[in-house]
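Order of writing sets the chain letters: A, B, C and D. Residues in each chain are counted from 1.
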């Protein structure tokens, strides 16, 4: 509503009330102006009213929402379904242009602003989360793996001779495939066992660099966030190697934004050595749906090169999700989530420790891993080969999601490469174990339910081991109310194995 | 509601009415069952009520929506903002898994079903649109360019020696960049002028194949939908060349699904020769937001290979959009849109012909292009060098979107390659021209407004050419109501040039 | 977004694009300004984008949406559920104040504007629909019956001696109860049969007026829209009687806005005689959910008196519904609906005529009823007493809603008054019949399905009459696809009777 | 989805995952079944997913959502705007029937169930809130005032001679008008001052009953929730008088559900004497939009009589709002809100006490009022006549809503009755004062902001009193951040006076 509208309004209802309403409007506008001018995440989250006003205002700047528009092109932002239009707040044109995913679209000033602001907010949050000297970043509507691929494809043009990527082993398929898809040969560096922890074998890395020759190496591809007992790579030392040998360094920081430790490692790596880009998942760090990642780095022009490497327009959906989320939370809200995650990590850690001791198991000592925990399943494994996977299956049917049992000796071939001890990040970890993690958004109730169900499952598996089949289980358990719907039907073991990989 | 709930309902209100309501429910369920069993697009579109019921039912099968779920993993589908959760109908887990974008997710049975069904529906529509023998396809949450890149990256593993991609020239940046991004060298084949049309130079293609050697050629990358006066490539003949020399053939069918001609070309190409995959945009063919594409092909296992090449999970958002759209439209609704598009093409063609003659211009004769038209801007170009771009700028500020003026002699460098006569698909087209297209969803009102505004702009440009500046224009024009907000402010010419590329 | 925000936007993306977006915004604002200044229904419907912007702008003028508000009263517009807040577009304060449902609320300038504008738009539409000299009206969140009650309660204060309301009989419970609830004694004037039509007995009315004495009569309560073979009351003549004897006249125009004939009657009545208020349903005339009515009249101050009679605030929900609907349709859209309704009336009339003749029945000749039709059920009634209600029951289970069978001789007592021949508006109509109506929003498909199903039911009832029970029916009928879910289960006859009253 | 659909789903994705999803669905269904069977508010609030599933399931039982429905009546639940349909979850038919607002609609089994369940839930909550022996209640889509009118209109039929309603004075317009609208003469009983409190003058009531004669009295109309220093009426004693003289007793319990004291009074009154019905606002007690009330009582058949007195159908919107709200909160959530309100009352009380003492004012001692507080404005009033209203105006412009200043000596005429000392519930309260209340949903932040702003306003008013105009004010105040938009513009005093009445 403009001035004339308010004036007309004053003739319909009392001027004093309209003026008060008009004043109130200004406070929404004030927040919007601050956002556009500063490009920073507001400290306090916006309420839905301001948020929707803002999105609405942006959307009507896109040509598909012009009241007088006539479109005679092949791509005019027409939408067949009003449900679809509405769920995208009428942002239809996506982000970016043929040449560059960060470019401005003439047909879509609103979507372009949305894209710019989102990237600006995300940059602000990355700094706040610990990487203070980050220079640039952008949201890309692809998951972490494909985003890593895009980084590698960009590097290819700068390193024509390169064939190899040096990769300290982490048993997660998509980061491995990201290298294969980009057309490079991963050179797997096995981890070394230090206490219970699996850590980067720096000597092996450097030896390999010398053996293959720096020019033939596209980059070192390191990892921060990972399942215990693997811990984040020794980023500082790797960064120094990269600097010394002139090799690019790409960091897979998949769910590391939520951990100040992971972020600190990246900050330090960049300070003392070389990090070209670090890639993180949107969904895992910002509690949005799967499908986006952030590519960030310390050199503005390299990040721009990557963004120019994406051919064509792209979905604005992940950007929109993270924009809504960050404006709703505010930086204070996000900080609170980070703090709570840390507290839940301690709580989970304590609870799991207590439980494990009751079963003569042990929480592995992995102080360098700030997110994931591992507890041994020795006694289970000793008695019966399949007991470990059976435990996984039982947890799955009891609606415990994300717990991962890792049996010994599993072998898997991925894109032609064979991994012994797959899932454990090493050929021969000393024992089978179970993983649990404290990720952003976890609640105390999650922990309590998990501990309770794990307790029951362990009890049941034990009983069975002494005796015979899974059938007995049902009768002996006293089912409680929140588990009423969850009878332990005989899910095939391979179902579970599939689920946990 | 289950049987017990209905029984309880009968005690609260009359059993006869509840029974009637219960019967009514069955007809919704019937439609859902048919969809799941047949995997085909329903003939008649569903109403919103059935659609939302279906989405709701799928969503509650995902673990993040389990009432008793406890999550202890790093990716549990938690959502911070209820606005975000709601706009995704609570599908948070995305589609695919580490290894394969088409794979089923244990944590997300609902999302997995959504993905399968969407791909199945889309396959059905591709057949209906003319490619009857298509074997498999999948929706990928990346735009056409990046999807082409994925195809090329997949082929790399099958053709280790390949360095080149043979590419009949089309002046659109993202399909060119798709090859660069994948790390290949595009070999540009200039088009030949036949009458007004620019067509594939088959001899040049074959000569190049022989010159470079088939093994060194990753594939031929042809194009169907394009701006006139270029017309769809001679797919049949190219497909035969591919078959003869054992070279893969990837077709950029960006907005070709909407045209039976483009689809027929693909069907014929596959019949007489070789087509490995054809890629089409979701937004341009299905009236959904930008951000998705369909990769389809005639060999099931090759399409699966591509889908396995995508590392990691991906956004379900484009799949959800196209699913909602197709279920809302039904196959009849989609066919109706195709029919109306064809009619609008004739109408646009006639109207533009009439107008052009009034200005001593000519509609170029491009019968092989079923979507795009071009009308000469000779008289404009003769008088004043900048008149052509000025026309473009004027159309832009008058909210005509998608019209593209193509001046002579524009030179552009893309990723190190220099294109003369850029935008016109050839080094030296005989004249400047203006493009307009009849794309799916276009309305008669779009055409009428376009013709009216073009008329005014042409008149204004002419006047000015006889005289002096743009300022006069404003006063001489009788502004009509739907253009009230659109004063011809002095937008810089380069703004427009930027906009139309 | 204000000027500073746009300026900031221009620094983020190209100024030319932002300016274009800003221009586009102005066209939305222009529409809003026009609405507020003129208070008339726009000719062309608004698109959702403008509509939601408008509602959003209004809502943020209410104190519950002020960012800095602190509430220390007992009614602060707090909402517990965000679903609820959202579905009301955050209008929480309702409309009106303690003293007057049309009054302005200091705490809620936006809701107050909404209320004023809605009433203004509705007034505009009433004029457009035929009552050109209407002086004032307001939307009240009560259905027609209760709104009539409110009119009667208002009149009570002006006519302290009055005890009776003169009421030409119409067999619809809520308008009868509206008088009882208000505490008056309805004086039923039986209709006279003219041809097939039941019409107002003017002589009886006047005789009753004289008999009771004008001062003891609160008002004449007449009716326009009604089920055939009753037709709208002779409003002109009644209005003249009212004028002559100084008796108020309240017209129940429940679903009469959709018929130019009904509206014309009111206009004429007011011109030649006296009409104090006419009351119409929101849902039946404007295709919104049940729950609101419009009280309108020719004397501004009397309408204001009624609005002041409503004690306390009221729900804004019906006002919001009709506002959204009218802005979406525009006056052109509403006129189109009126035109289509008229056409459907002819179509229904023709189809039902044809069908009735095939069964030796007859469409009753009721030219004065512009909405409802009646077709005789003589042959059915002759054979078997219960056949008529059975037909009704069969139609009900076949999802024909709104068709009403009227058997002979039904007797009903309402609030102590006994009506013979209830449902037929007279003690002894010559034959049983079936009603169908062409109401606003009806589609040709409704008519076709109805005729088809009626045909089948008539056939089935006949067969049975020759033979035995309903059970046979099932087997002889060839069920078609759209009826698949609808098996003719043995619904009790009284179920249907209940349903049709 | 039915069994066949799940089976089809199992063929598309792994059976184990579909089965898990299917199990998950059962827990939603379980909650729905419990609700329908028990009719009680669930202890724990439902999540949105269950809630929307439930509403969706109900809605598809209404005939307007039948896929095969054909409507040939005058009221078929057609909706012109999809925005409107959606915001009502496609419940279009409203609640009730011609004869009875609680009756079941044949065309709308879903809406009918919604209505029944809502009433059942609300009954459960009223018991929980303290009126354990309530027999029946129903939600009516009218605000408290009109609902009281409906009660009086119902009583009229049982007490033909009655003309008067005995009403212990409370200065709130709509409850006064509720009697006028119903056509009765209010007999105002002035309150007596006991300490600071204004309480029911029982002797005056009984004397009036004897004077007028019980048969001529429709009922006693008492009040619980009210602004201090008035306190809830002596319900027990009034109820005993009613019982003794055989006079009905209607209690205005407008916002009393939120206070255990008010509810206890009603419970006690009914135990020891006579209460026929008690009426409460939906919005004030359940944090939903304005527009609904609950009519409850201890005699099932009397409550049914009232519900049958409402002529015609009615809006389902208030019922839907309260249903959504209660299912979201659960009884635990509602209890928590009640508890927090009580705590806020203490907090507000303490803070306001402290502040008042700093200004030589006094918190009035009104221990019987559990919701509203009053603080003297003596020093203000002494200096300058208009200072009290000026304070109100300043608070209003500073976005303090709900604070009410009550000057001495204000006179108001309502429907012909003149009230001296209007707003203070008595002709001559000893001093001017300011009201603030702790209502359900109030936050500590509301209290803190209020105290802060009140402090500033008091300071400013004082300064001015010593000196000259309002203009100085602006400069002397140090504006803080949350008040940035709120400049103390010179709002006319009568604006405020209007606002606070």
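We take it that contacts are C-beta pairs under 8 Å (C-beta built on N, C-alpha and C of every residue); 3 or more make two chains touch, one makes a residue touch a chain.
These numbers come from a predicted model, not from an experiment.
Colleague: So using the touch definition from the top, which pair is joined by more C-beta contacts, B-C or C-D?
Modeller: C-D is joined by more C-beta pairs in contact.
Colleague: From chain C, which chain is the farthest off, judged by mean CA positions?
Modeller: So the farthest one, by centre of C-alpha atoms, is A.
Colleague: Can you compute the centre-to-centre distance for chain C and chain D, using the mean CA position of each chain? Integer Å is fine.
Modeller: The separation of the two C-alpha centroids amounts to 29 Å.
Colleague: When the centre of a chain is set as the mean of its C-alpha atoms, what distance in Å lies between chain B and chain C?
Modeller: 46
Colleague: Show the residues in chain B shared as contacts by 2 or more other chains, in ascending order.
Modeller: 14, 16-17, 20, 24, 26-27, 48, 63, 66-69, 82, 106, 396, 399, 485-486, 495, 498
Colleague: Which residues of chain D touch chain A once you look at their complex with the stated criterion?
Modeller: Touching chain A from chain D are residues 14, 16-17, 19-20, 23-24, 26-27, 30, 82, 396-397, 399, 484-487, 489, 491-492, 495, 498.
Colleague: In the complex, go through chain A and note every residue touching chain C.
Modeller: Against chain C, chain A makes touches at 1-2, 4-5, 8-9, 12-14, 16-18, 20-22, 24-29, 31-33, 36-37, 39, 47-50, 52-54, 56-57, 59-63, 65-68, 82, 86, 90, 104-106, 109-110, 112-113, 116-117.
Colleague: Can you list the residues on chain D that touch chain C in the complex?
Modeller: 48, 51, 63, 66-81, 83-84, 87-89, 91-95, 97-99, 106-107, 141-146, 148-150, 153, 156-157, 172-178, 180-183, 225, 227, 254-255, 281, 283-284, 286-292, 309-318, 321, 324-325, 328-329, 333, 337, 348, 371-372, 396, 399-404, 414, 436-442, 445-447, 449-450, 453, 482-483, 485-486, 495, 498-501
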